[in-house]
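Per-chain residue numbering starts at 1, and chain names A, B and C are given in the order in which the chains are listed.
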């Protein structure tokens, strides 16, 4: 719809168009957070732990539970610690949410179904998604709580350390596709051939398998999901940088956590799994089928992310850093090297 | 011990007799054969500072002079290889003033006798500090006791012998007011810093019993097989059925 | 005179405590209060740690937030009433708590419980050991960050708690022991059910072994963390699985036999490591061993009464007795002094966790905050058992 509008942009004033785009992302963001929260946090985790999870709210398997929770959080009193830096405290969740919000704008869901197809799409997406670390630091500092501060410092160290393998893992894809535009990367995969056979294109997960694994590992850390959840580490730091947050501010943290998971899974799906591309479907049909295919791929990647989260214990801070600097970064550099050589050879 | 040796239920005092048959008179200061060697080793180090020793229910209880308390720890540790500190605690042997509202006639009221008596290995006065050390290699244990002065209760600290003595001595100081000379920081462990008094001394009142009378017999449930009844499966079953 | 002296000592104590805090605050390191309300402290333990970055420079455990004064309360209660109190010392293995106290009373009175009661006591003690350890096996995972095992721990513990409830009527606080035996015999069908549940316990142990023992992150988080050398552990009075994980072959069930343990053939598990991993491993093995003991005892459960002849009003003759047993958390003992009344004159409660935790200032020096949590979890204390 937006995409349809954007092709006919001549007739629609840009202000209205922008408003419509913002509204669509604003609807999508909590919706995706709810879907991931319900499907994985509530139901999948429960079944992994031989529980049922919520069963009553909404009638069918407790689907209304999270919405009810959201309503509860919005009703709650806005509590701020007495010594908190009030403005920074209030601003922090917004910054984290906005950094997620902007990533949604560049993920293509169909040939024309993208809010803004930037030339440097992937670069932009990774750049703004790492803005969240500033929000985390602000939250930890402004809470005037030692646990929050420790959590924020951990988060800063961790997010910076894992930003590198995340970006380096993507470099291989960019080299292979020859473009930084996400639409271009999808196109490169759609038009690619696997040793001359081009019926399903060439999803980069095949040629960039190492990059895919590195990307997922780094994304896990970027999302601060177990085994990289030291910034929140409930058994150590109680809740890390979120410890002083309640009500709707805390809701923002939670929402952005799941929305970011969705966004990063979306980027991974686009970069490695071929994005919205369905073999043999072109034009308007792709605009209809594309989002569904992309959603399915995102759910598959999210499943892996949460599966790992519910299974593994947590690293220690130094082990985490060691893993990033000793293994992930050298490996991703090697991946770039090999990709470069193969690119020249073939 | 054979079951048929059990005494009549109405006479609790007579119930001691099977124990007496089991060991050479637990009440009399007789030393069990396995304790003789242990005692000799301690005696060699402590000399006449070892005031009294008895075997009590299979445990060697040794009372030493107050000034030999530290030496006793060293002796137990080096001679008997007792490297394991079980606990250090105290006891106040005076009788407790009965709380008001206390019904001494209620059969369940645990009214303690008024005259002051002392336990195994005796005591010189009101306060005693006692400890249990064990040897994990030789599988033996010794109960060490020492008397402390009532007016100025103090005794040497064991913290340099057993590091674990730290907390036990803090507890003992807090509960009985016995100072441990040489303890690195004798401060409150359970109670808040501003707490006054030493709760486990017998003259420290238990406030809830001061304000509320003792419930008495209602707390005591009928025991299966008690009071002359034939103890056995039938009784147990009967009680179970009655309960349901 | 006595009052002023007491006041004087309280004054000294107060100022010593304040001085300690003042010293802690004097330098640049950050002082962090872990607890008394913290998810890793199982209740209300407070550890004041001085941090340099994330490294612990000094740690001072502050206990007593749950001090209930049981030693004082026992002096105002009769023997059957004391059992109700001591149920609540280590509330995860309440039944095992009762046994040494009852045993001390029986020892002074010179009576012995009938063989069937002794066997059932042993079975229930081992069942509470299993319940306690199953929870530990899951919770250890939770403390190092894996959220799933803890649910398995709670789920499997429920099987055992159901058994305890069926036999005693109470899941947590059975209050089932009487001086001279047990309140009741076990219900019909209980023995078969217990056998069935022990199979589940074995399965559950295998699950935990698979879940955590083969997990690289779990190994990295626990191996070499919080090493207690055997000698240091003994000096601090660390006992039970914690000491056996330091290579000290010391189990009161075998070395100071009580209940029906002399008649059971069981293995005492030790591990030379002394680290958090060894403590986890030893407890895992001991859970299996306990289930084996239960099965073994059930096979040979003697028939007969469960209650000896005792007077209706228990009056314990003058005397004193020290009884220690191997509780799930370590050595638990009662020094019972009687002066011939219906209630004890003085009861010294030697609880395992108190001594186990007293090693923390020594153990926590130089570890990271996450390791501190691992160590707290692997020492496995119950606050009621520390504070009494």
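We adopt the following convention: a contact is a pair of C-beta atoms (placed from the backbone, for glycine too) under 8 Å apart; a residue touches a chain by one contact, two chains touch by 3 or more.
A quick note: this is a predicted structure, and the numbers were derived from the prediction, not measured.
Undergrad: Looking at CA centres, what chain is most distant from subunit C?
TA: A
Undergrad: Just by CA atoms, which chain is the most central one?
TA: Answer by centroid distance: C.
Undergrad: In whole angstrom, what separates the CA-based centres of subunit B and subunit C?
TA: 21
Undergrad: Averaging over Cα atoms per chain, report the distance between subunit A and subunit B in Å.
TA: Subunit A and subunit B have C-alpha centres separated by 64 Å.
Undergrad: Could you grab the centroid distance between subunit A and subunit C? Build each centroid from C-alpha atoms only and quote it in angstrom.
TA: For subunit A versus subunit C, the centre distance works out to 45 Å.
Undergrad: In the complex, go through subunit B and note every residue touching subunit C.
TA: 1, 3, 6-13, 15-20, 22, 26-27, 56-57, 59, 83-87, 89, 91-92, 96, 107-113, 117, 119-120, 130, 132, 136, 139, 141, 143, 162-164, 166-168, 173-175, 177, 179, 185-191, 193-200, 203-204, 206, 209, 214, 219-227, 231-233, 235-237, 239-240
Undergrad: State the interface residues of subunit C toward subunit A in the complex, per the touch definition above.
TA: So the residues of subunit C touching subunit A come out as 30, 32, 38-40, 54, 141-148, 151-152, 155, 212, 215, 217-218, 220-221, 368-373, 377.
Undergrad: Okay, in this complex, where on subunit C does subunit B touch?
TA: These residues of subunit C touch subunit B: 2, 5-7, 9-10, 12-14, 16-18, 20, 63-64, 67, 69, 71-73, 75-78, 80-81, 107-112, 114, 178, 180-181, 183-185, 187, 231-232, 234-239, 243, 248-250, 255-256, 303-322, 324, 331, 333, 335, 337, 339-346, 348, 350, 354-355, 358-359, 362, 387.
Undergrad: Applying the document's contact rule, which stretches of subunit A touch subunit C when the two form their complex?
TA: 45, 48-51, 146-147, 150, 226-227, 229-230, 233-238, 310-319
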